[in-house]
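I have placed the structure first, in the form of structure tokens, so that the comments after it can refer back to it.
Naming follows writing order (A, B, C, D and E), and every chain is counted from residue 1.
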Amino acid sequence: MVSREKITPDMAKKEVVRICEISDENIVDCMQCGKCTAGCPAVHGMDILPHQVIRLLQLGQIDQLLQSEAIWSCAACFTCASRCPRAVDISKIMEALRLTLVRVKGNNRLDIEKVPKLLDKNIPQQAIVSGFRKYVK
Amino acid sequence: MSVIANNAAVKNAQAFEPLIVAFCCNWCSYAGADLAGTSRLNYPANIKIIRVPCSCRVNANFVLRAFQRGADGVIIAGCHPGDCHYMTGNYYTRRRFSLLKNLLAYVGIEEARFKVDWISASEGNKFADVMNGVLEKVHKLGPNRKLRDSRWRR
Amino acid sequence: MNYSYYPGCTLKTKAQNLEKFALHSAQALGVNLVEQEEWQCCGAVYPLSTDEIATKLASVRSLAAARDKGESLVTLCAACHQLMKRVNHDMQTKEDMREKVNNYLQLDDNYQGESKVIHYLELLRDEIGFETLAQKVKVPLKGRKVAAYYGCLLLRPKEIMNFDDPERPTVLEDFLESLGASAIHYPYKTECCGGYLSVDKEEVVEQMVDNIIRSALEQGAEEIVTACPLCKYNLENSRLCSKGEISISYFTELLAEALDVKEA
Amino acid sequence: MQRVGVFICWCGTNISSTVNIDEVVAAVKNMPGVVYSKDYQYMCSEVGQNLVKDAIKEHNLTRVVVAACSPRMHESTFRKAAKAAGLNPYLLEIANIREHCSWVHKDKKAATQKAISLTKAAVAKAILNQPLIPGEVGVEQRALVIGGGIAGIQTALDIADAGYEVDLVEKTPSIGGKMAQLDKTFPTLDCSACILTPKMVDASMHDKINIYSYSEVEEVNGFVGNFEVVIKQKARSIDMEKCTGCGICLAKCPAKTALSEFEEGLSKRAAIYTPFPQAVPNVPVIDRETCTKFRTGKCGVCAKVCPTGAIDYEQKDERLNQKYGAIIVTTGYDLINLDSFGEYQYADHPDVITGLEFERLVNAAGPTAGKLVRPSDKKKPKKVVFIQCVGSRDKSERGKSYCSKICCMYTAKHAMLLRDKYPDCEAYVFYIDVRTAGKGFEEFQRRAVENYGVNYIKGMVGKIFPTGDKLKVNGVDALSGEVLEIDADMVVLASATQAKPGASDVGRMLSISTDRDNFFTEAHPKLRPVETHCAGIYLAGACQGPKDIPETVAQASAAAAKAIGILSKSKLVNNPCVSQVDESVCSGCLACTKMCPYEAITEKMVEQKVHGKIRRRRVAEVNAALCQGCGGCTVTCRPGAIDLKGFSNKQILAEVDAICQ
Amino acid sequence: MEKIKEEIRQIAREALTGKKVDIILAWEKGPLWYDSYPAFFTKEEEVDSLTWDSFCINNLSKYLLEETMADKKVGVFVKGCDALAFNQMMQDNRIRRDNVVVYGLPCPGMIDPDKVRAKRLNRGLTEVKQSGDELIFVTKDGEITVPAHEVYYDKCLYCHYPNPVVYDQLIGEKVAAETALDRSERFSQVEALEALSAEERFAYWDSQFSKCMRCFACRNVCPACSCERCTFDDDDLDILGKAREDSEDQFFHLIRAYHVVGRCIDCGECSRVCPQDIPLEKLNRKLIKDINALYGEYQAGLDPSTKAPLVTYQLEDADSFTAGEKGGKGT
């Protein structure tokens, strides 16, 4: 159910400001053309679409985003960033959202104990290091 | 440079009310200042504008005289290079005052007290930003005593 | 011609082929790649947030070391390349970060982004030239239908990587043609393979690599080359690849083959 | 001792709400030289102006200061008032206490103090003002129009109909411009050629219009009323007098290898060509880069077949010097290059085309004779995707930050034409916003949706994947959040408009400015939309910013009216604020002559009596007709021998002193 | 130099007797050992007192101002730096070239009397002779030989143009143009000042400027200061009063330095003649240094046909006040 109170835009929200700071991106530049979503190669793994991520930030609805799978489905491939007509780098915003979560103690995306079991013998170091950098603090 | 930041600076320096003289070319920067007004942008009243036809009309004498008469900062604003109403005037401004700016710094005038910038007629925002920026820096520096005529009373 | 060479950790373990063939070929081409001393892992992903400095320091050390030797820094792994290049760009353009990094590192000479970072492919294209390369080919790869897979890290963001057109790159195709192979053009060559998502979201990666391989197959490719160990891993892990419909190798392997130095 | 009168305007509450007028009036009374002061609600009103006039007479005022809005607003108003009261208008000064004071400050005390200070500076300057008398110059009663598109044609016709000679210079072989390439025009769907061609013919038949096609303006000097222009007539390789336009040469030319510019590269043309059948003038040109005769020396077929012997391989570029009273710039626009938008496959796939190419493909006179087919296999498309905002509203490096303005409408038009021709063909339009501000525009676009069944999708396309003989279009419906995949046969891109690549050079040549996107800048965005900052030079059409045909034509007529305003005068007055040399001080170093942007300063020899002896000396001399009053020379002059009337060294120093008190 | 002195005298005599010129402008030995001052010679017999020695530091070009010379035909002797001055005044149209015959004198360097005094070589000094790179000081107590560069003016050690760049007739052999000190070193004192804080710089210059008596010797000797009427003498403009006031001293010196931008040939005469030893060359050289850095190397007086830096421009000129590029993120 949608409550009226919930969709009041609140750009000044501390968390939104923080996201903008960490990413150094300007979310008001976005005019919701959806080009990011249209070109995102990982879009099938996203419950909230990239352009909706920005829209929710514009509306100050950060909680939904922090609970989403979308931010973990972003592979930081920069396809969206390189095509965005408004020069907004969404990959940086996704990263800022992930950091907001993993920087809180005990909030790691990956349980380090379980990692070894996840890995097969061919997986390159690069994948493991990247994974740790993205999912763990 | 935000008005908020500027207000903070004002509070810090309390009694110090700087005087900034801005020479603005009629076609771009003076018009930019007009646009700042038409757009109701805010910048402090410490900035006072003198209209000149072109930034190349500004003589080094004028800048020094302003400092002699107690200005805490001086600004010269003209059209962007390439956009001069008089075709090439501001190219000369650029050379003349690049040298003067360095010379003033060389004799110990803080760099922030003398600013040259390009502000077009459509850049009302930039005009306010530049003015606020200079004012903020001058605030931090405090009143200018250098070059000031000891006999002059403001 | 001497170059500082930064291998990166994957090339010393799971992607030894990428390095081995590159070094053999370089030698055959008269290029001296000198591995940097005491290099550290670059961190594999460029930290996208503005407030992370520590994770960029390892790269700056390598960059500064190359600067001190007066050599360009050559990379081979696409991930390392992206990191080196972007950190270098930060050091050139972000005053704040430059100051913090230099304060922290206390190098003899402050590092300001003076080094030039080039990928092995850029070395081939810009310093040696594909025409010269073609003349040095001993065993032309005639009849081989090879699809080049670029991935993301070499191409994007364009303003910083400055590698090729991010939407329609040609460097790998030009490279393949110079070896005598037939380069297969297919629209998915720049689409992402999923990268590190394979650690956490295999199902997402699966569809991504599927699209890529299917598109290459559709255009008649028999094999795929890439410059990134993680791309290779993800592509190889796909259903289509497991079924043996296509093989994945590093571009350097084909290079060594054509130069006849594979077994050197 | 001067008698200064100061008039302080409230501007309703615009000034008076932030500036304490009473305090200003009180302060003014104590300023040196002030003998009279008066405040009023609207000083610019007739009543207000009368206050000024009456006071000048009553109080014998010798100088007047008006503290009001910007001098850019009402300086001329008050100068006229002063003149009416018998005072030299240049003895009046304005203190800008509105734009520079009441509107930008909130603190009433500070604003009041500043208003006093600005007024004091104006008083100090006014006291030093000198009466100035503008000079007069004659006006060359001929206009130059640069660019032969619809804007240029309309301007030329309007000026010529008013009875003045017009030279219309067009870079390409024919006038007509972009409009000649269009098929139908929105929002009425009337045929573009049907409404344009008659105007082209009118222009060519008009006895006051000279068309210089295949020509370029190379040099512009002088000033309003007296521009001196060099026009380069490029070698056409055809004798225009002899050519009858029979077209035999076009048909016989064996070198049909060049891509037709007019057909947007969709078909080939011969080396000798007229861009399109209705070209004006209907005289071909030889494209020397393609022509076999010019490349190898052999061939010469056109010369052999020409019945009138009009072919002239020896023809050379010619230069023509002409004087003009006014210049109108109508150089038009271009579409951006789409090479950097690789995701749309424009450069790589023939079935991805631009809107302008679509115009040619549906045009009955176009390369397919009006049969709309895919360029790749000449098959009829079943699904066509239109993408708007390709490069428009794009802040990134590859795009343009502005809205191109015409694309929403022409895309609707294209989709309608498509559905009209092939009712079974599906049309999809991806858009960010649909903008239809214009008479009949909204109704037109809604017709596309409601009557023609065009599918409008708010969203963008990420990438096009050519797959088999289809174009797989990956897009999104941003409203529903559905990710879409459309198997299209053809994609039409609404590429952004941009200023002509050479616009900034043209701007420099004419000394008019361009904005950050290289469109020419008008003198005022609202009130002087067709004037430039350079007197006597006017703008019309898309060279000033993206524009559709109705707007362009309106602007063209407006520019013509402005130009006629100049041409209809026999004399123009000069700005009297020009430099002058004090010959007794001038050392003759002539540094001023080297920097003067107008070459208005020359040297002359004078004879001076020094200690009873005649001494011949070299000094600088200002040509008041050429001087535009920038004042740059005054700064090169170290002793201050050259000074600017109206902005003299003493006046500006006095202002500095007054402001700093 | 002895030999050349004789040659000069001969040339001067011939020029005067042959009515080639009305006046010869050269140097004359005064009563003191370091005194070789400018003098006009109109008669053949006067020429015997004409001199050319290592004390002919005075720049004669400044005396050629056309109003000084009226319509007389002048023969003038110029050293390297005087020739630059000559050209600069030509560029400013302050010399009637057709009224002047220029005799060029390659200059080995000029002796700084202060350095002589510091070495106590002036006691009973009768004559200084030049011998290669050494100078022989002939005193009542015998001869003392010192390396020339130890007593030459500092400015001579940096001199790049010891051979006149303009002349009608060159007298003697050209001297080697290598400088004793690295020419870029002439900016080292400027750089030292630049390295200080704004406060330190101000303190330094304030202490220097406040010594000024406004005697205008610096201006009067300067070949770049050749205006008919100096702006500082313009009472009507009222930019410089007579009072003892620091701000006016500062104003004078800044504007003086600024007015010779692109004209200053770096001859250092201003500092030399300053009775208060204000290091004016450090102002001039700062400006020269900045011109070189911003707009490319420029030597005033080298070629009168080139445009001086402040009356020309390049579209892509650098400036010293806009940081960074237009546009981009965060602006």
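We adopt the following convention: contacts are C-beta pairs under 8 Å (C-beta built on N, C-alpha and C of every residue); 3 or more make two chains touch, one makes a residue touch a chain.
Note that the coordinates shown come from a computational prediction; the quantities given were computed from them, not determined experimentally.
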Taking each chain's C-alpha mean as its centre, the one farthest from chain D: E
Selected interface, D-E versus C-D, where C-beta contact pairs are more numerous: D-E
Distance-maximising chain from chain C - centres being C-alpha averages: E
Averaged-CA centre spacing for the pair chain D and chain C, given as whole angstrom: 48
Centroid spacing, where centroids are CA-atom means, of chain D and chain E in whole angstrom: 53
CA centroid of chain A to CA centroid of chain D, Å: 45
Centroid distance [mean C-alpha coordinates] between chain E and chain A, Å: 69
Multi-partner residues of chain E (at least 2 other chains): 231, 239, 310-311
Touching two or more other chains - residue numbers and ranges from chain B: 60-61, 65, 82, 88, 92, 96
Junction residues of chain D - those touching two or more other chains: 343, 397, 463, 595, 636, 649, 653
Contact set on chain B toward chain D in their complex: 19, 21, 26-27, 30-31, 33-34, 36-38, 40-46, 48-54, 56-62, 65-66, 69-71, 79, 82-83, 85-89, 92, 96, 122, 128, 152-154
Interfacial residue positions of chain A with respect to chain D in the complex: 29, 31-40, 43-44, 49, 51-52, 79, 83-87
In the complex with chain E, residue positions of chain D that touch it: 516, 584-591, 594-595, 610, 613, 615, 617-618, 636, 638-641, 649-650, 653
Residues on chain E engaged by chain D in the complex (per definition of touch): 66-67, 70, 91-94, 226-231, 234, 236-239, 259, 307-308, 310-312, 327
Chain C-facing residues of chain A, complex: 21-24, 41-42, 44-45, 72-73, 75-79, 81-82, 89, 91-92, 95-96, 99, 109-110, 118, 122-131, 133-135
